[in-house]
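Structure first, then comments.
Labels run A, B, C and D following the written order; every chain starts at residue 1.
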Amino acid sequence: MANIGYIGLGVMGGRIAARLMDKGHTVTGYNRTKAKAQALLDAGMRWAATPREVAASCDITFAMVTDSPALEAIAYGADGVLEAMAPGKVFIDMSTVSPITSQAVAAQVSARGGVMLDSPVSGSVLTLEQGKLTMMVGGDRDTYDRVLPLLLDIGPKATWVGGNGTAVSMKIALNLSIGVQLLAFSEGILLAEKSGIDRKTAVDVFTSSALASPMLGYRGPFVLRLPDEAWFNVKMMQKDTTLALEMGRTLGVPLPTAAVANEFLTAARGLGLEERDCAALFHVLAHLAGVSA
Amino acid sequence: MANIGYIGLGVMGGRIAARLMDKGHTVTGYNRTKAKAQALLDAGMRWAATPREVAASCDITFAMVTDSPALEAIAYGADGVLEAMAPGKVFIDMSTVSPITSQAVAAQVSARGGVMLDSPVSGSVLTLEQGKLTMMVGGDRDTYDRVLPLLLDIGPKATWVGGNGTAVSMKIALNLSIGVQLLAFSEGILLAEKSGIDRKTAVDVFTSSALASPMLGYRGPFVLRLPDEAWFNVKMMQKDTTLALEMGRTLGVPLPTAAVANEFLTAARGLGLEERDCAALFHVLAHLAGVSA
Amino acid sequence: MANIGYIGLGVMGGRIAARLMDKGHTVTGYNRTKAKAQALLDAGMRWAATPREVAASCDITFAMVTDSPALEAIAYGADGVLEAMAPGKVFIDMSTVSPITSQAVAAQVSARGGVMLDSPVSGSVLTLEQGKLTMMVGGDRDTYDRVLPLLLDIGPKATWVGGNGTAVSMKIALNLSIGVQLLAFSEGILLAEKSGIDRKTAVDVFTSSALASPMLGYRGPFVLRLPDEAWFNVKMMQKDTTLALEMGRTLGVPLPTAAVANEFLTAARGLGLEERDCAALFHVLAHLAGVSA
Amino acid sequence: MANIGYIGLGVMGGRIAARLMDKGHTVTGYNRTKAKAQALLDAGMRWAATPREVAASCDITFAMVTDSPALEAIAYGADGVLEAMAPGKVFIDMSTVSPITSQAVAAQVSARGGVMLDSPVSGSVLTLEQGKLTMMVGGDRDTYDRVLPLLLDIGPKATWVGGNGTAVSMKIALNLSIGVQLLAFSEGILLAEKSGIDRKTAVDVFTSSALASPMLGYRGPFVLRLPDEAWFNVKMMQKDTTLALEMGRTLGVPLPTAAVANEFLTAARGLGLEERDCAALFHVLAHLAGVSA
């Protein structure tokens, strides 16, 4: 069993940290708002006052934060992770951030003798709780091999995809399909409904068809009733799609369906749904079809 | 065990007829090109010279043909199915055709005292052979209940979705997601590849993620090598998407992602790929990204 | 001065017929609803009971009807134009129809020894009244040269673009830009408005910019107040865009912006605006942006 | 006649400075690369070593630079324009930059007692040379009224559109139509060409139709031969479209056609055309249609 650190104890990060403790590891944690970590502290997690202290206390530090600026905030500065990086230290960032930001932090970690891996996860809270969360990993291959047993304490599968930043690139490349699949799904459900098929029946048929990705399976019910609590809200989803579109522009890859889905996410914001689950795309389209959602 | 008829013994129809024979039913078949039915005849299938003769020989006649004109060709005219329709006769059309054509034929069947159900299938040859093909059924509910055991000899599940034409509507509503999901998938794979990730790795990660519908699972390998034999070619896929767009126009349902996918199917035709599997969408996009497919 | 025929005396056709009479030509006319032609009859137009009688009464017969089925209705059958076609007769169709329908009628005219030209117009009632309506002409070049003086009595310019059907193809190729330009214009106006610019100011700046086509110039005021009377309604516009998309599919030309605009025309129908001017696209987008139109 | 300053003497800025000198004004100029200003210096322009010195030398300082970072570079820092701002000083920025950047600089100018106006131009080098360049102006209305005579020495018309940043917002709102109109135009030309119409004829018909904005008029010939020298290259055009899409996301205005056009600009980059004129969109689409451009 290892001493490990965990920075960013939100909905997802907190659950992963708990899972690692369940597996017998000693976890030292940090979160911007300490109050949110109370349950973990009650369960035996150690507390560190800053990201730097987390990284100083152990050889392997994980992080899971909201976006690129949040990663920069925990990495840089006097209290940042970088200050504690040294030979033998590994920093595993599970956040979905810009590949450029990820690579920049990784270069700084290297400069101090440490190793950074980017390791965003594929799946949701539900997937994690079912023990099915998978990870993509970018960075030094030997380090990946070494920390793999630890990753497999989080979920059943990890895949090394390439050098630093490639795993976040892969994650963004996956996530652009969420909005697109949801929009095409919504188009189909509304077409079915206006053809005289009961909406629930249409959703049931779709979610048991060959077109039903697990993501659509989870969200099928959301087109019947948009939940109050978002799994992945319009704003966060647009953050990821925008990262994809920026990468597309830089790399010369046209993303026609992602671009269209993104404009419907914008419409969701125009209609005041930005904090709702991204299944709100159905409601935007229903609106245009003159159907109550 | 029943005497049943089967009109249209192509790749899919022929296999369904064979499956029904395997279950012990007596099948009388018809196909425009008799030669293609030889294996079935060798296996004991009876032959009828016209669609009308098929329907005259049994109480339940299935059909599986290419498109709306093909359905009209086997239904109408002196040799057509309609001539043999009478009280007690059921005509189950498994083709993907325009809902309007389907409803028009159904009305003619009714006028002769028979009952028509539209019952397109969800899945491919592979799904069928794995015994997993599902069916949507539109038309008279009592008739559906009566023929259900027969449908369950074909695949594990059938769902009644509403009146005549609703099942083909549902099928079209499902199928518009094929092109869209494939295009978004292609966008992601190319983004990953230009980010430095090996194409095969990217496909593996995607097809084991929450975004991987079974359809994408089947077709993942096709972006690595487009097969010579199409499962569902660009032309047929565009036929379905065009039906969806026509329905959308008539019913007032905007289909933004389907419309975009359709133009990339057009591009596939412009590039000479119209007989190739619809996974050719990857190749169109790769072309635009300046990457060899 | 010539004896000429005119079939289809609607908003546009009626005005062209009147213009030809003003130039001193003798016009024999036909319209499905005779009452609508009363003003022309009062002004001296001769009446014929059928399209065939129009064509029999003169050497050059014009037509301007709604769509492909309407062209077929006046061309074919016992009362159709074709019955009167013979060597020396010219049939000039100004309708916007499918190129395939146009070519089919032209082939039938040829088979009877006559010559058909397709000659759709570019412009609106306003353009016509300002004497600026231009024509594209497809079909036999010598015949075009011969009838050119007559065409120049209608508007200042005609351009021969190629064989039969090419002029309607060209017209459709032009018209797809209407919806697209209107939608991009609407995007810009709403962006300006939500940036704090008065809507009228934004429209004025746009319509005096290098982006203002004459079409946008005419319709600028329509985004401030959608007129009760449509110049070109959503339904008719979608008819043309759909023709374009069909041609694109057949010819292998992807039409990404036309496809998107078409789905917003569908949304206009979903919102109950199908009889309103196509500037209703602004209202659809305003709706999505949460702005009152 | 006034003493005025001009920072950024590139293709457009240099010509505007020259025009102001022609009108009799005394101009003090600055450009990052002095060599490019030689012709202006030969014509009597005074030189200043830094942006600050330009602004210190006169009451009204113009700027025309490439993008937001370039504006920040000349505004901020020890050598920046801000250091010379004081009551009575006016800074007129003609660059197309992010409205947020423009407003931030304007706030700093105000804090020093000066006044900033944003005044991007509508039109190209050609428009300027024809004396037809128009300006949009954002910022203090009284200052606008005061400097208007000077603006009218540049072009025939200026329009005050609102507070600081609104004029750049308006410019971006206009510019998104460039790519969209070009793409729809390309769709039409390729449709015409594949229908058997000579490409040049199709371009001629289009550019004399009601759909021909002046911008399309200028660029019509470019689809026949893409010029070596770009008027407005793919990269710069994508910079503006990206600004529009960012504004759309922030303000909740969906921009469906701009989003699609932007992906075709990305494709232009994928195909190695990023330094070519934005009419390269035709070449991208021709590529997809299997036509040589």
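The rule is simple: contacts are C-beta pairs under 8 Å (C-beta built on N, C-alpha and C of every residue); 3 or more make two chains touch, one makes a residue touch a chain.
None of these values were measured; they are calculated from a predicted model.
Asker: Which pair wins on C-beta contacts, B-D or A-D?
Answerer: Contact tally favours A-D.
Asker: Please tell me the distance, in whole Å, between the geometric centres of chain B and chain D computed from their C-alpha atoms.
Answerer: 52
Asker: How far is the middle of chain A from the middle of chain D, if each middle is the mean of its Cα atoms, in Å?
Answerer: Comparing mean C-alpha positions, chain D is 39 Å from chain A.
Asker: By residue number and range, which residues of chain D touch two or more other chains?
Answerer: In chain D, the residues touching two or more other chains are 248, 252-256, 260, 264, 267, 270-271, 288-290.
Asker: So how do the chains connect up here, line, ring, star, complete, or something else (other)?
Answerer: Its topology is that of a complete graph.
Asker: Please name which positions on chain A make contact with chain C in the complex.
Answerer: Listed in rising order, the residues of chain A that touch chain C are 256, 260, 267, 270-272, 284, 287-291.
Asker: Would you mind writing out the residues of chain B in touch with chain C in their complex?
Answerer: Contact set of chain B toward chain C: 238, 242, 245, 248-249, 252-256, 259-260, 262-264, 266-267, 269-271.
Asker: Going by the contact rule at the top, pick out the chain C residues touching chain D in the complex.
Answerer: 99, 122-124, 127, 134, 136, 157, 159, 161-163, 165-166, 169-170, 172-174, 176-178, 180-181, 183-185, 187-192, 194-198, 201-202, 204-206, 208-216, 218, 244, 247-248, 251-258, 260-261, 264, 285, 288-290
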